[in-house]
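Across the two complexes that follow, subunit A remains constant while its partner is subunit B and subsequently subunit C.
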Partner chain A sequence: MRRTLLKAAVAAALGAASALAGVTPASAQDAPVRIGYAIARTGPWAAGAQITQEPNYIMWAEQVNAAGGLNVKGKKRKVELIGLDDRSEAETMVRSYEKLMASDKVDLILPPWGTGANFAVMPLIQKYGYPMIAPTATGRKLLGMKNPYFFAILQQPDLMMDALGEFLKARNIKTAAMIHVDELFGLEQAAALEKSFKEKGIQIIEKKSYPLGVKDLKPVLNDIKAKNPDAFVALSYPPDTFLVTAQAREIAFNPKAFYASVGTAFPVYRDKMGPAIEGVMGLGTLNPKSSPAAKAYFDAHTARHKKEPDRWASAHAWAALQVMQQAIAKVGLDRKALRDAIAGGEFDTVIGKVRFRNGENIATPGVVSQWQGKEFEVVWPPDRATAPALHPKPAWK
Partner chain B sequence: MGFWLELAASGLITGGIYAVVALGLNLQYGLMRIMNISHGEFLMLGAYLTWLAHTVFGINPVAFLPVVAIVLFLTGLAVYRLCFRRITRTSPSVEIIEARSLLVGFGLMYLVQNAAYLIWGADLRGYSFLADAVVIGDARFAGNSLLAFGFAVAASLAMLAVLRWTMLGKAIRAMMQSPAGAQLVGIDTAFLHPAVFGAGLALAGVAGALLSMVYEITPGMGEPYTVTALIVITLGGLGSAAGCLAGGLLLGLVEAFGMHFTSPSLKMLLSYAVFIAVLLARPKGLFAR
Partner chain C sequence: MTLREILGAIAAGALVLAALPWLASDFMLSLALTCLMYIGLAVTWAMFSGATNYLSLATSAFFGIGAYVTAWGFGTLPYALVVALGGLAAAAFASLVGAGILHLRGAYFAVLTFGLGELVRHAITYSEKTYAHTVGRVLQDAPESTAVYWTVLLIATAAVAACAAVRASRLGLALAGIGADEERAQTLGVNTRRAKIAGFALAAFFAGALGAAVAVRWTYIEPASVFNPFIGFQTVLIAMIGGAQTLAGPIVSAVVFSLLTELLRLQFPYAYLIVLGFLLIVLVLYLPGGLASLISRWRQARA
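Take a look at the complex of A and B:
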């Protein structure tokens, strides 16, 4: 269905194509720029991928085509997306990318969803020389591979956890309890958190890990409640983010600061939890109030997909496409030149300036966001804040 | 003391949720040996129906439970007619019913799950209902989990009573032991067989409706629940209503105490250790006769 929609959009755009100053419009003879990717449409990764990532790819291709095409070094060419369902299987995902790069020989690729999937596809992009700007991969382990074609546009764990540490230190938090999911994501975040809290003089009085898919964490939360920490941090994935929130509320565990991770930025978190989440903090980057560009992005996404983007990695996915688009305008589709342009340039995006050093986006700071009313407000760092922080957290509603 | 009671109660309530998940499959596999591996998918359908009714039409999810049960019961009759009737008629033994229905169940699983992906997309969905805590003594429990627990106990007891003390229950058990013999003594197996299958699906749907109040939902949510259900009914003894409840509660308790004394990360290890221990001691499950 998506492909049909895309074709319809392409057709509509062709009709309306008009020449922009200095750019040759796309003509029927020009082959489209073929951009391939594999992403989860079914299976356990699909919820994250379909909230955060693929909607952006589709919207971007439509917008580019509606504007006459992708500016390839001054010449406009249509974009054709070749999107495959990886069924949330690493093996299927890797095979799909191998096919896209080796036999379909697409012009460019877009990244899959999630830290693990990006990690798995990294050797391939280096082998075939395809630059990839990942919006949903965090972990020093990935950057440590020093893959010249891999760019991480999302904030790395140390940045995010440091921001949280600074925020809590500024509010005189002395003790914290932490739980984390037993996955690469949780382990990296937990290590970064421990390091940061140690530096900031925040004592971690309880630390527990749990497996993905857990259905009950109440015994753990009860234990933590008995120890009465100032702050509680759950380095969690979406199902458990919902679970710890609901169960902390259930047992009236209400520390001064309550932080949960992936999923807090999802609009469905607000819809599922209702007004209960007032004052809950989590991983975020921006919201519609951050800038006019952010507002325009949220509006366009909501109009196109009938749902809001999340307030963390969605905008990074969009920014990654903007970076690629700006680099292509400058150097065209030669992938080596494109890689160099991405590595060496500075780009204006929806998340602000983006600049890479050794594959890491060093222009976007770590951010702490907090639910206040219907909005996930940015509360740290001060120069990005969209609202003052609510501290201590009010009692659960 | 209060702390231990609360820990136990929390384990029992989670166990109640496991039992709810297993009820429907216990009818289908436990009593009829139809290995409906797509059990979790119908649970997911129940969850989505309830979510739709609540978020689009503003219907109270509890009031909607009977509707879910009826819709899933009728779906069950249709599924039985299309997929399982032939299998039960042409298979020479229950072992072969098991094997063949497993394959059909796999097909159904993909069909139903992917249909849900097409209709609703992969996004997480959810709504808030009865999430407020109910205070009992010093302990606090979410209303929606208590509801699921209450339903698990009530439905298990009802099933136990029906199977043990009513003519209908006797007929169902007779049909299980010897379909031909049951027919000879005048039991309408052509009606009873699909009806029991449909009741299993109805229970799966109601379980899904109850879970949608507690957890968020996705089209892929069903598979792990099928695994949970299989463990619970095997633990309790196939076809035993009391066993299903006991199996669920036991798993919940083991997890709660295990989590307190060790780490939640050892949850799977502990659950499977108990599972293996029970099967070593009583290979046919806790309540098998």
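Take a look at the complex of A and C:
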């Protein structure tokens, strides 16, 4: 009896396993280009991934197919997206990409969401030779791995913090207080900020860190308020960005410049906080006023997904797809050639020119954006600005 | 089956599975790896919590400790040593903490063990930030996926064998006695304190070793991702679905649950959590004894 049960279990397991393996269609001439990715649809990473990244993948595939297909070295082929849920787990994500690359042998892959997730696919893209242009990965450590197949299209911490330093220096800011989240992102941004502020002669009179998932920052903000700095910078993640904004307003801590990081560019930040955030600054890249291409992108995204893209990394996700598309038009789907084309070329995208050196996009400058009315206006650098800066920040509403 | 027969069956099963890297694709191999990981976690959880009725949610804390030992040691120490150290670190932590908290029962024990994961996560974040000036660590030159697979297979096999041995030993009887009636076991001369700490630490050893072995696949180790409470919840769920009082229950359940989750995730990318939740409700309602109780039902029906 025991043996029959065991047999049944083994048979069931084998059946499930073969169903999982799927069937790889023979690559016919007019077969679609299969593009795979794993991204969070559930779990803690899902919020960011579903605001910034996956909506762009879906919209891109639809636009390309509506236009007759993807231009593969002059020949039009339809695009088929294979999207998996990584459940916000490193192990599930690694397994999903192993499936896509090794078993399904997809033509191309798209990156997962977030710095940690991008780290985890690094060995796989090198082993199987899949170029990957990441819109939501920041950190010198990632680029320090010197993976020839990895490209970071998002501005790295030093660029963003240097832009902020320049902006504040131009506004004659002398002192600043800074808090950061104890995580790779927060630490790298904080180090970059300290270096930049030192060069610009801005004194950091208070520096505090807090753990991921913090629920109360009021004591820290009260301390900082008592020291009365000219500028306040929070190198924060979305939940703490919302928290620090709400609590600073509660205690009426209103420095001349108020900056918070990831999440300020989300439309939901504006919708949830309302007019209170007038004058709050943060990480951004562009808005619909930046260029006709940006306007077209925002309109298409809003029409397709019934929600606006964010004003920072969403556009980078779109730009990464544009880079890939232009490189494929030139060299086709040979992944080695595609890597070389991405590494060596210059591309016209929604965020402007994109050019990589040692895997880093060096054509997009650091940007400072600021909420004014309903728009996250670009206020620095001057040649990208969509509005003059509101300075000093008005009182909280 | 006698213990010798059980151990023979385990060894035979492990030998067959050891050949998988030559037979299966990379994806199948990583799927098998996940199954083995949850087999190891679930049988050792059941060995302690199933027998004693001390509901422990500390699995993710032990797993994370192991993973962090890899983050610290990998690169300077050989992989096998790092894995062993990961297990030992988790076991040492479990004995230390166990001595302090194993007098608590019921919900208090469950909540406290869940808190352990948070405690260790924040302690590591703080010490990394203060002393190493970083929070995440990058692992370069990870071992081949086949090496990781064989390591996890070895740990899982050892875990199942250890559980089989414990069930047949005085320690196993003591743990079962504690589960049935702790005061009575004490009156009958069982050193319940020592038995509980031993069982808790043994389960921690395997969870820590598995964490250390698997973490090399993630390239980047940070507290938020390795102290993932879902690993702990999933372990409890698997053991309970399988039948936490048995040895075979959690093994079958780990395989079924891992494959089913994966099948649903890949085939129904948007609906799989609903399906999974529904299946769990049905199982708990109609099969409270777990999958293992199917066997006894079947026997009764035949008799």
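Odds and ends about this structure:
Quick note on the criterion: the second predicted complex is superposed on the first by the 368 of 397 C-alpha atoms of A that agree within 3 Å, B and C clash if a C-alpha of one lies under 4 Å from a C-alpha of the other, contacts with A are read in each partner's own complex, and residues count from 1 in each chain.
In the analysis below, contacts are C-beta pairs under 8 Å (C-beta built on N, C-alpha and C of every residue); 3 or more make two chains touch, one makes a residue touch a chain.
Values in this document were obtained by computation on a predicted structure and should not be read as measured data.
After overlaying the two complexes on the shared chain, residue contacts for A:Met145 are found with subunit C alone; subunit B is out of touch. In the superposition on chain A, A:Asp182 makes contact with both subunit B and subunit C.
After overlaying the two complexes on the shared chain, residue contacts for A:Ser103 are found with subunit C alone; subunit B is out of touch. Judged by the touch definition given at the top, the superposed model places A:Ala343 against neither subunit B nor subunit C. Of the two partner chains placed by the overlay, neither subunit B nor subunit C lies in contact with A:Ile362. Of the two partner chains placed around the shared chain by superposition, subunit B and subunit C are both touched by A:Thr42. Judged by the touch definition given at the top, the superposed model places A:Ser209 against both subunit B and subunit C. Looking at the shared chain after the overlay, A:Ala67 reaches neither subunit B nor subunit C.
Residues 41-43, 182, 209, 211 of subunit A touch subunit B in one complex and subunit C in the other. Contact residues on subunit A toward subunit C in their complex (touch as defined above): 1-2, 5, 9, 12-13, 16-17, 19-22, 41-43, 83-85, 87, 89-92, 94-95, 98-99, 102-103, 115-116, 119-120, 122-123, 141, 144-145, 182-184, 187, 209, 211-212.
The touching residues of subunit C, when paired with subunit A in their complex, are 25-28, 30-31, 34, 37, 122, 125-126, 129, 133-136, 138, 140, 142, 145, 214, 217-220, 222-225, 228, 230, 252, 255-256, 259-260, 262-263, 265-267, 269-270, 272-273, 295, 298-299, 302.
Contact residues on subunit A toward subunit B in their complex (touch as defined above): 40-44, 46-47, 49-51, 88, 179, 182, 208-211, 213-220, 222-223, 226, 238-239, 242-243, 246-247, 249-252, 263, 266, 268, 271-274, 276, 307. Listed in rising order, the residues of subunit B touching subunit A in the complex are 3, 6-7, 10-11, 14, 17, 113-114, 117, 121-128, 131, 133, 140-142, 145, 214-216, 218-220, 224, 252, 255-257, 259-260, 263-265, 267-268.
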